[in-house]
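All chains are identified by letter, namely A, B, C, D and E, in their written order; residue positions are counted from 1 within each chain.
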Amino acid sequence: METIVFSLLNGVIYGLLLFMLSSGLTLIFSMMGVLNFAHASFYMLGAYFAYTIMGVSSFWLALFIAPVLVGVIGMGVEKWGLRRVHANGHVAELLFTFGLAYLIDEIVKIIWGRTSVNYQVPDSLNFTLFTLYGADYPAYRIFMFFVAVAMLIFLWYMLKKTRIGLIIQAALTHPHMVGHLGHNVPLVFMGVFGAGCALAGLAGVIGGNYFITDPAMAVQMGPIVFVVVVVGGLGSLEGAFIAAMLIGILQTSAVSINASLADIFGFLGLSPASEVGEITISSMAPMLPFLLLVLILIVKPTGLMGDREV
Amino acid sequence: MHPPALKLVNVHKSFGPAKIIQGVNLEIARGERHAIIGPNGAGKSTLFNLVSGLYSLSDGEVQLNGAVISGKKPFQINRMGLSRSFQVSNIFANMTVRENVRCGVLYSMGYGYSFWRNIGNLKEVQEKTAHILEDVGLLDKANLPASLLPYADQRTLEIAITIAGGAEVIMLDEPTAGMSHSETDRAVELIEKAAKGKTLLIVEHDMGVVFGLADRISVLVYGEIIATGAPSEIRGDPRVREAYLGEEADHIEGEPA
Amino acid sequence: EMKIAFIDPLSGPMGPSGDAAFTSYKLAFEHINNEGGINGEQVELTGYDNKVSPKESLVQLQKAIDSGARYIFQGNGSSVAAAIIDAVNKHNARNPGEEVLFMNYAAVTPAFTNEACSFWHFRFDAHADMKMNAITDWITARDDIQKVYLIGQDYVFGEAVAAAAEKQLGEKDSSIEIVGNELHPLAKVKDFTPYIQKIIQSEADAVITGNWGQDMTLLVKAAADSGLTIPFLTFYGGSLGAVAALGEGSIDTLYQVSEGVTNQEASDEQYALIEEYKQRFPDYDYYYHRAFVAAEMLKAAAEKAGSNEPIEVAKALEGLTVEGAYGPVTMRAEDHQAQQNLYISTVSKDVKYGVDNIDLGWVLVDNGTIDASAAEEPTTCEMERPE
Amino acid sequence: MSDFHVDTAHTPDIAPPPSGEPMLKVSDLHAYYGKSHVLHGVNMEIMPGEVIALLGRNGVGRSTTAKAIMGEVTPVGSVKFKGQEIGGMPNHKIARLGLGYVPESRDIFPTMTVRQNLMLGVKDLRNPGKYDVDQMLDMFPNLRSRADNMAGVLSGGEKQMLTMCRTLMGDPELIIIDEPTEGLAPKIVQQVGDMIAEIAKSGVSILLVEQKLSIALRIANRVYVMGHGEIVYGGTPADFKTRDDVRKEWLEV
Amino acid sequence: MTDMTTNSAALAPSSGEKFRERVLPFILFGLVLIVIPFFGPSRTTMTLLNHIGINIVFALSFNMLLGRAGLLTFGHAVYLGLGGYFCVHILNWIDAADGGFWGNLPVFSMPVFGFAMGALAGAVIGWPSCRRAGTAFAMISLGVAELMAAFAYMFDSLFGGEMGISGDRMAGPEFLGLSLGPLEEVYWFIAFWTFLGVVAMYMFTRTPLGKLSEATRDNPERVQFIGYNPTRVRYLVFIFAGAFAGMAGGMSAVQDEIFTPESLSLLPSGAILIAAYVGGIRYFSGPIMGAIVMTYMGSNLSDYTAGWLLYLGIMFICVVMFLPDGIAGIVFGFWRGIRSPDRGHLMGKWAQQLAGVFLLAIGIIVFVEVAFRWSEGYGEVWEPFGIALPHDAILTWIIGIIPFVAGVAVLRHVTRKQEEV
């Protein structure tokens, strides 16, 4: 029971963070068809900006300014980089963002050093909310929860309920037609890319102090974010949410399961002393998302909720 | 008595709720040159896609020389002797013209997926390629990348790839679309030559081409064949006039070769 | 000029660990150079970043050797050390007359000075069994610890720590129960909360961990967040940031075994060194005492041999004793394992030298001194020596 | 590019347009697809309130003319709308000047409802045009019954109506409509024709690219005929009806 | 095109042309390989050359997928890794064997085993993944790479955990008198297999399957209608690509004598992607050039500057944005240019472009170098050519900004003029 409750609590938090990260990527992909490899780098930028802003001002200010800064950078990238590459096709776009990720990582190292910075949870959120089965539950996690939910609502509202959402959705399939109706499609695209990056930046502000802010954070988060987006179904916000939760809970609960493969498959004659038998579920946690990715792509290439093939 | 080269039995196709092909029955005899005409969106290309295996049928059956081909993969159908072209040029853009045609030749000459033979040393392949290029008049552009060809030449290349494999049944989807008068004339000449002794199924909006080339014509409207017959019958058919030809029927001249 | 290569992570998650040692060697060799070098030759120390990757380390090793370095210092990661030992053995066999020596200052998998020992390898840190001995002694002496949780990094060293703990606890006090034995991926975990959750549920009274670098810091950070306050018996609680992460919570919960503690009684000279280090490298604290010892032993051996040729120096190092700031250090000739005093310390407010730029620091616990003779462990090494 | 310029506007077959300030003036317009040269110097003028039919055989470049005006293909030459050069302008700016375009491909947004499609035609919500959604739906009862359906399931004729209404929502002064009756059943062709006549009555100028002479001649004030990438004839429907030679040479197969 | 005869033989290149274009380059390549050791390269250079050889084979095998078959993969290192691991195991079996098959097996043959293992891995992993192309294929390859790396960390007995597995290349009987101990001997080994690999992969492009892989890249739909199954074509090419990657793994096993799980991960896969792309994926020789340049930079640039990764990133982005044909595109463009009639005009343009790039590079280098030293925080000052450029001096920033702006201006000017033509 305890195990389940804790796994859920932690899994949901991790899942929400994954969702925050992948929502921007989903946004960008569904609008522009660009798989942004540098997305996790924008997440990292968000964390570092927040750290720097917090140094001179407060966390709350950082919470607003850092994502905006990241968004502006994203818009610049779209305007001067991505747009040019667009003509050479999706592979070129993908490689462009791939290179961009390298570049951002290096620049971050120049500015903030090669080791982690001390980006801390603000004092106002640094208290124990409740104690459950002898373990404290920090208030910050609940804060994360609310921010993620707010993001979900905001995105959903933007995509489904506003005219901008409509324009973007229309521009995805018929960009020229939307232009002929008098809407500025390049501006919309730039805005979308910027917004997607800003969302990544926001995730960075929130996640950077929950985890750790160092130059490796982008590389470590990058692949998993792709897993979320692809498993959820490219371009599907709901899918990304479900996949993020699924992966968050899956991975966290795997860590808390002590059973080994032999315990599970013992009836097949798998010996606990054998190399395969002694592998524990918890040690398999890191590879589960990727297993899921490969399986999903083979079985259902549209992902859980997507309506088009990757 | 030979079975018909191509036989469509009660062919249906729906995309979701949209019923695009609604029960087409058609027999095309060996050696026949058959044209399908009809308004845009009637389902002509869809019919081609069904026959050639790109789409799967919702209902009905397609036979090639008596053998059922519906349900087979496009490459299997191709190997059974049916080859098609596309309405929008569908060539290998980054390869040269010669390579394009050579790819079309390879399978029919039995080279399959071979990876132990140097393609340059395959004499027959080279000769057949050159032969086809000469026939279609692209020999002088053989070493140009296909994407650099002018539009009409790309259409010609499209036909060349289609006939390269030497299939018995050739299906051409608007082969002269976008060609000028003289180009169209040349294309018709080429098609006649290539289809000699073979079965030809062609979709065209250019009535000059259709009436000049076809032995028989079928008219497809809203997924149904409303008339099939010799060109003269079709021209006079009031339903066809109403649905497709309109005033134009009066202007179609004889049947120039 | 005597070229010395330092191969360790200098960037990435484990970067600070390597850099802290690198700065220590810089200062140590600077002092040696100021005093006229080794046998009159100035030491030139160069850092090579290996990102804790064995394969990358070999590339860097090759580069170092090609640039003329004959002494290789490395410590972060036994997996790397194993690769370097292997590569150095091969190099020395294939290139007689151009031998290089591997000076291991921190990779403490016991095998390196037992079954896998090599004439070309010298270890200046006490190995895992030796340190674990100190820890298990301390635990068995405490009556309130009945359940112990083992957590470590999933690689040779982590496995060695776990094995040593299991074996020694079983031998010393069969009433102590091991309620968890967990290995997690090296330098990849970002959130230890699920692991801490497991520890809480196991109702353990103490945790033993060999974690280092980021894995140490994040582990105790997650523990603090979840309100877990049982003792953590560590090899590397002194890793950058761990004390800061726990804050005052680290008092009497964070323990470590090391070859010296800055706040223990020492000479003025030593105090001056500690202060100089902090002043030069404000990001770090004086932590790698053995780096200074290793540099000193190298100098002593070379001068004893009267040569900077590795093979001569190696022979001279065998059995050499130098007087360190926290007691004598002897390089045992049998297996090239340094023998020295070990100290168990914990965090206190009442200190001369704080760490992590806060006013908490390490102090010796009662009876925290283990004499070199008590810390000594037998070896199974059958060393092949060049004639 | 060749610099020399044949002023076809004064060849005998092209009657001068009514005098006045043209709403749209296309002069010596060339266009290319890659290396193929499709438009070879198109000249035409459209006066305010006029309905112009652009005729020609398949593939002569009528659609390309429309696309070049709208910036869909790069225009080489001059395109002036209300006196302003619009060649090279981004397409949304052209649209905002009051030039509407209904392309051949229709391009409805299939996953949105009819109503949403219409709403997207409004350029600026704070400043809507003279039509609102309800008026549009009144005009086309067919559409009203499907207002909340996904546009993707509409029939071809309905789609065509929807695209035209959508463009009207943006309050254009001139609409370029490309082959509105292509592939439509004769009955629907009739309907669409009526609708265009309706729109024209409300004062919007129309450039109609059309193949069906019956419709074109019924609603147009003037007719242009294209051949080989240029305008080869211009005149009133009445004059055109007398010109069998033009029909024979440029329109029939 | 000049020869416009209807003679079919004239279509194919003449034997002279064939020789010049298809045989001569390989003879030259072989000669270069043979001549290099006579310049007496240092051990460092030898190691570098050996790694270049390995990466040439690896990059070419990668390009069989990306450049030729249009399959973008983020997991190509998996096949190199598996091939390499297999060979390290064999090295150990040879070492342990007393006679028998393993005892008599020369280490020289390792690449053959790597090839076989790579092919096997390609056949197994390719089976599910080749059913998809495009982004789905790319994502599957990414998942597979992460999965294999995680898997490798779990199975110590096969992959040796963090530590990896090492072997001894001097084990077993000598072959061709090569003990493979000293680096010079390893060089001959690498040179032999590199040459063989390059020739084999070139020949592959000339087979029907090779041509079909290009056709499938350009238009998988159409391939179906000329009688081929695009999935089958991809799958077969995938197996070959895996095999040659495995061969590179075998070469690497002998050169480095160690394999670790991280060699299966995304990082080396990404590195080879960059190398091939920078070299130019549209040319057969592109990846070769890319492998040479990137391996050199990867191992040597870091000696000159801490910012080498940043330079690599900038370079890669520039290639993606401005030179989609990569280094090979420049080289061949230059070669064509100097033989074309308006070479005078072209030379002028190139000179301007070169000047622009040069200025831009100066600007960037100043920024990066100064920034790096500033960020190190040890107060080191960059002194190129004896001019001290501390980060807080205005002069520094002037020296950075002026060439940068000038470079951008020159390059824009050249592009503009080009567009006007």
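Rule of thumb we're sticking to: a residue touches a chain if its C-beta (ideal position, glycine included) is under 8 Å from a C-beta of that chain, and two chains touch if they have at least 3 such contacts.
Which protein is which chain? UniProt says A, E = Branched-chain amino acid ABC transporter permease; B = ABC transporter domain-containing protein; D = ABC transporter ATP-binding protein.
Computed from a prediction, not measured in an experiment: that's the story for all the values here.
Participant: Which neighbours does subunit B have in common with subunit D?
Facilitator: The shared contacts of subunit B and subunit D amount to nothing, since no chain touches both.
Participant: Between subunit D and subunit E, how many steps is the shortest route if every step has to go to a touching chain?
Facilitator: So the least number of steps between the two chains is 2.
Participant: Hey, what chains does subunit A share as contacts with subunit C?
Facilitator: Shared contacts of subunit A and subunit C: E.
Participant: Among the chains, which has its CA centre at the largest distance from subunit C's?
Facilitator: Using the mean of the C-alpha atoms as each chain's centre, the farthest one from subunit C is D.
Participant: Round to the nearest whole Å and give the separation of the Cα centres of subunit C and subunit E.
Facilitator: Roughly 39 Å separates the two chain centres.
Participant: Once you find the CA centre of subunit A and the CA centre of subunit E, what distance in Å lies between them?
Facilitator: Result: the chain centres lie 31 Å from each other.
Participant: Could you work out how far the Cα centre of subunit B sits from that of subunit E, in whole Å?
Facilitator: 43
Participant: What whole-Å value do you get for the distance between subunit B and subunit C if each is reduced to the mean of its CA atoms?
Facilitator: Here subunit B and subunit C have centroids separated by 77 Å.
Participant: What parts of subunit A, by residue number, touch at least two of the other chains?
Facilitator: Residues 109, 283, 286 of subunit A each touch two or more of the other chains.
Participant: Can you give me every chain pair that touches, using the contact definition above?
Facilitator: A-C, A-D, A-E, B-D, B-E, C-E
Participant: Give the list of subunit A residues in touch with subunit C in this complex.
Facilitator: Listed in rising order, the residues of subunit A that touch subunit C are 2-3, 6-7, 10, 14, 109, 114-116, 118, 128, 131, 133-138, 210-212, 214-217, 220, 252, 255-256, 258, 282-283, 286.
Participant: Can you check the complex and tell me which residues of subunit D touch subunit B?
Facilitator: Per the stated touch rule, the residues are 33-36, 58-59, 153, 156, 182-186, 212-214, 252-253.
Participant: Across the complex, what residues on subunit E touch subunit A?
Facilitator: Listed in rising order, the residues of subunit E that touch subunit A are 66, 72, 128-129, 131-132, 134-136, 138-140, 142-144, 146-147, 150-151, 154-157, 266, 270, 273-274, 277, 307, 309-310, 312-314, 316-317, 320-321, 324, 368, 371-372, 375, 377.
Participant: If we count contacts the way the header does, which residues on subunit B are in touch with subunit D in the complex?
Facilitator: Checking each residue of subunit B against subunit D gives 17-18, 39-42, 148, 150-151, 177-180, 205-208, 222, 242-243, 246-248, 251-252.
Participant: Considering the complex alone, what residue numbers of subunit D touch subunit A?
Facilitator: Within the complex, subunit D touches subunit A at residues 70, 72, 90-92, 94-96, 100-101, 103, 107, 109-112, 116, 119-121, 123-125, 166-167, 170.
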